[in-house]
Amino acid sequence: MGSSIIKGRAWVFGDDVDTDLIYHNKYLAVTDPAEMPQYAFEYYPGKENFAREVQNGDVVVAGTNFGCGSSREHAVYCLKEGGIPVVLAESFSRIYYRNAVNNGYPVLVAPGISSKFKDGDEIEVNLDTGEITNLKSGEKIHGDAVTDLEKEIMAHGGLLQYIKAHAGKE
Amino acid sequence: MGKTFAEKVLGKATGNEVSAGQIVTVEPHFCMSHDNAAPISKIFRDIGVNKVWDSSKLVFILDHAIPAPTDKHAQNHKVIREFVKDQGIEHFYDIMSNGGVCHQVMCEKGYALPGLVMVGSDSHTCTYGAFGAFSTGIGRTEMAATWATGKIWFKVPDSMKISVNGTFSRGVSAKDLILRIMGDIQSDGADYMSVEFHGKAIADMSLGSRMTLCNLGIEMGAKNAVCPPDDKVLNFIKDKAKSDKWESIWADEDACYEKALEYDLANIEPGVAKPHTVDNYSPVTEVKGTSIDQAFIGTCTNGRLQDLEEAAKVLSGKRVAVRTIVIPASWEIYRKAMSKGVIDILLDAGCVLANPGCGPCMGNHEGILAPGETCISTANRNFKGRMGNKESFIYLASPATVAASALKGEIADPREVLV
Amino acid sequence: MKVKGKVWKYGDDVNTDVIFPGKYTYTVLDPAEMGKYALEDLDPEFARKAQPGDVIVAGKNWGCGSSREQAATCLTSLKVGAVVAKSFARIFYRNAINQGLPVIQSPAAVDSIEAGEQIEIDFENGLIRTDQGKEFAFAPIPEYVRGILQDGGLVEHIRKSLGLE
Amino acid sequence: MGKTTIEKIISRASGKDVKPGDRVWCDIDISSARDFAGPNCCLQFEEVTEGRGKVWDPDKIAFTFDLQAPSHTEKVSNNQKIIREFAKQQGIEKVFDINWGIGQHVMLENGVVKPGHVVLGTDSHMNLLGGAGIFATGVGNTDIVASWILGKLWFRVPETDRITVTGEFQTGVCMRDFLTFLVGNLKADGLLYKAAEFYGPVIERSSLAERITLCSMITEMSGKIGLIQPNGEVLQWLVERGGEDVRESVEFMKADKDAIYCEDLHFDVSDLEPLVSAPHAPDNVKKVSEVAGTKLDQVHIGSCTNGRFEDITAAFNVLKAADFKINPMTRCIITPATREVMSQCAKAGYIEKFIDAGIVFTNPTCSLCTAQHYGALPSDDVGMSTTNRNFLGKVGKGSSTFLASPMTAMASAVRGMITDPRDILG
């Protein structure tokens, strides 16, 4: 997973950010994950320029139920491949959460986070401890690092890598 | 000396006697546009005229991608709806089930009438010749200019006379005849000309078959194509003519033709146009067994009731072996096919029965090919990339041949399938 | 009125789907953008490399098929100087003129001019000259047509005739 | 300790005695993919297995084509081809090509999925199969690929809510209205990670179509699945399609009397009015009476939520009560869920009446729901649809969509504005 300390700018989103807002159905036919980041958040009002302006290491911060809607894994790829190291949200929709874990993509459940950050705030995340710091205000909150099976899958870098590592051991 | 159809119609429209080669300016009786009414309306605004010359002469029929598959197509339709409202255009067929493919709608609703001069911003506008109209396709700018001025110039065309006699053998239809003619004279064989169909076989043909013949006039380069306005035509238009300006006009016996051809239907067999040109003719027997990925029955060329019935005759009680898309050319046809049980047969055979429109014909809507795929189609063009993918292959054929091929999963001779 | 440029040579029956694919007809709306797709399925080099003034030299029946005007617009968008062909499909011929794109019929020129040659077209004198010194005369463009070409296309021509300038 | 239905199904499929919160690997009965994300699965499978892998069991894999059937873009055509070729190469025979319809419905009609099964698919509304007692769930392509290799997949055992529904629907009110009510009541994350079981007389009396509708928007409440115990005619239908062993599975999956539920919810539908989900969220619920009169540019009836014969019949009956006329300024599109449904509509004589009324009747597909096919909206247009999502921009930038029942949708098409179906049904 590389360095477990992440530093970047926060992009703050609201509650119930659905998969059409993250990655619109118009681009579902794309199969190569590397092509997906250019469409990230294209339909999110006020953040249409996300894909053009985001910098490597920037972090997505969101409210409750992030990624609700479709099962499209594109909604994970478009952030992961776009250099977003982690998504922090009050809560995640079920399928989005799975898809992230299956790709070894860190998503932290961080209650209270949406009120602690504004767009552009410098943010530091320790993926090992789950500690999240707003470097501007100095406020700290705790994000749930994933547990058990999810953690193990993530430690392997994703579900398919996990399966390979466990081949024949089940 | 006698006059050709084109000379007589254009003479009547100008009020003077005219001959081939002369440039004339006429006021068209109807101007048809489909989804391209939107870009045309933009050009029209650029000209700077506020109102079209005569809103009752404009007919708009949406068909290219309906209902809209993307934001962009939806936006295009919206521009047209607003223009229709703004200009008070009464002859407007939206995506709803009173319409269908523009040329089919123009004919079945009574716009295509004997002796009228009609232009359309679509190359297959020549179809209306089946009803004795002088009709031809023009580009967007020219259409915008016509809306603005009510006038369009034509060079009075030379004419070609194609006489057809005899009767079709089993499994053979008008599409096979016209594919053969195109193969013989090539795709520029009638460049700039007015093609007249004559003979007993034309008189025996249904209006639908005549539409198939005239529809493909453009694929020989013709300006227009036309059949005699006989009783079949007059009976058909009796209660539905949308203009009273029509008049039965036909060529004089002693008219002068640039070219004359004769065909005996007894010599016509099921045929195809092979990729990638319409004149790449071959009898079905020579391409039999060519593997296909998709079959398509529909379009302004062969999406009429008689075409669906021909296909149903082949498919009845059987299952297609490849994906088969059937798109009736209009809702009126769909409706009739439904009442006659044709739709049931096609559904039971496993066909996709899509809503009327142009479908995949020009690569805009349902049924686009993937690279390397081959489609046999009743449409009118098999150009490289026509159905949305430049690495794909299109064979053009009659509804019976397409249906027979759908059953076998390879190009097949309908005579071997029809009992 | 003169045009000077490099020759791009193509064969017979080049149809409108090849010149401008149907799938773009409702998704590419800006004339300036249409040039990008010109001849995409026939010669992908063309749209990338054609220079203003370049001339297309082609066989018979250039532009057969659909009435789509984009087949002419995509060429004017690249500032193609003219199309010289053995013959033209009817609708393309009209569309080209209406867009202000000169179209010249000259079977003799087509037979002897090769791809890559530099040529000059002199419309007033009805002459095509190659850098090899070959010359081909062509029938002068009809007056009505010349009027449209001189005004830069049908829209401007009509505006002028309606006194809307 | 007693078990809920989902706990029973997962226990059987995992061979473990499970409780909520456990993570377990379950055997998969059917792992399906559609023409959306399906190609991603095929490509990813080949990459992971370096082009040499064989799927664990070709008989347990199915492909469905409904995102764009038939395709209108080169990309999707190519994606569909990738699936067809993969299926051929792997010996997968359950390929329901573009002529079949919406995947879940097609698999159900053809007995591919059965009560008690654990089913995966690349469609977040797979879980509507819970209406037939099937544990089906939408997943991403990585999960599908994992299941094709292992025949198993990991799940977190969800807590279960028990929802009991009593009373009787008034005329003009139907299961979709109750569903809309429920989404508005529980909100977009009201069932986060949870399962629901539906009970009560309203459920016991309901048709399969109604059960599918009810379970089709659990995802819109972030739930894992809603389950209904098949009984009566529904059970009979499932046996006809799936075989006699269905009865056994249905017996087995019954929740224990002492099962433990996270929450026990009771609702009575007797006072329920026709409802809509107003733009731009399914949980933005309003009474039809509050928004009545809103002008509509387009009405669409169909989708995996409300595209069955019973749904189209409900719409037909409203049209009939209006003398088979709709407002000519409103575009109305009906899309049956499957070819079987389309044939039923043809044989019942509906399609002719719809055509006469000016309504566009399309081939079975997801239609405008993904905005990739029939009926994308231009900016500023207002639409009504029986689909399950009305997210901002989903069916066209700058447009807005109201979600409603087939009856409300048809009533609104008749008047060209949002209309209470009771105004027409009397």
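Read from first to last, the chains carry the letters A, B, C and D; within each, the first residue is number 1.
Here is the rule we go by: a contact is a pair of C-beta atoms (placed from the backbone, for glycine too) under 8 Å apart; a residue touches a chain by one contact, two chains touch by 3 or more.
Computed from a prediction, not measured in an experiment: that's the story for all the values here.
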item	value
Both-way neighbours, i.e. chains that touch subunit D and touch subunit C	B
Mean-CA-position distance for subunit B and subunit A (Å)	53
Approximate Å spacing (C-alpha centroids) for the pair subunit B, subunit C	27
Averaged-CA centre spacing for the pair subunit D and subunit B, given as whole angstrom	40
Per-residue overlap in subunit A, given as positions that touch at least 2 other chains	26
Overlap residues in subunit B, where contacts from two or more other chains coincide	65, 70-71, 73, 364, 368, 388
Per-residue overlap in subunit C, given as positions that touch at least 2 other chains	23
Contact graph of the chains (line, ring, star, complete, other)	line
Every chain pair meeting the contact rule	A-D, B-C, B-D
Touching residues on subunit A, where the partner in the complex is subunit D	15-16, 18-21, 24-26, 28-31, 43, 45, 64-65, 68-73, 76, 91, 93-95, 98-99, 102-103, 148-150, 153, 158-160, 163-164, 170
Of subunit B, residues touching subunit C in the complex	23, 35-36, 39, 43, 46-49, 64-65, 70, 72-73, 76, 120-123, 125, 137-142, 144-145, 148-149, 153, 187-188, 191-192, 218-219, 221-223, 277, 279, 362-364, 368, 381, 383-386, 388, 390
Subunit B contact footprint on subunit D (complex, rising order)	68-74, 76-78, 80-81, 97-99, 328, 331-333, 339, 342-343, 346-347, 351-352, 354-363, 368, 371-379, 381, 396-397, 399
Complex interface listing, subunit C residues touching subunit B	13, 15-18, 21-23, 25-27, 29, 40-42, 60-61, 64-69, 72, 87, 89-91, 94-95, 98-99, 142, 144, 153-155, 158-159, 162, 164
Residues on subunit B engaged by subunit D in the complex (per definition of touch)	65-71, 73-75, 77-78, 94-98, 323-325, 331, 334-335, 338-339, 343-344, 347-348, 350-355, 360, 364-373, 388-389
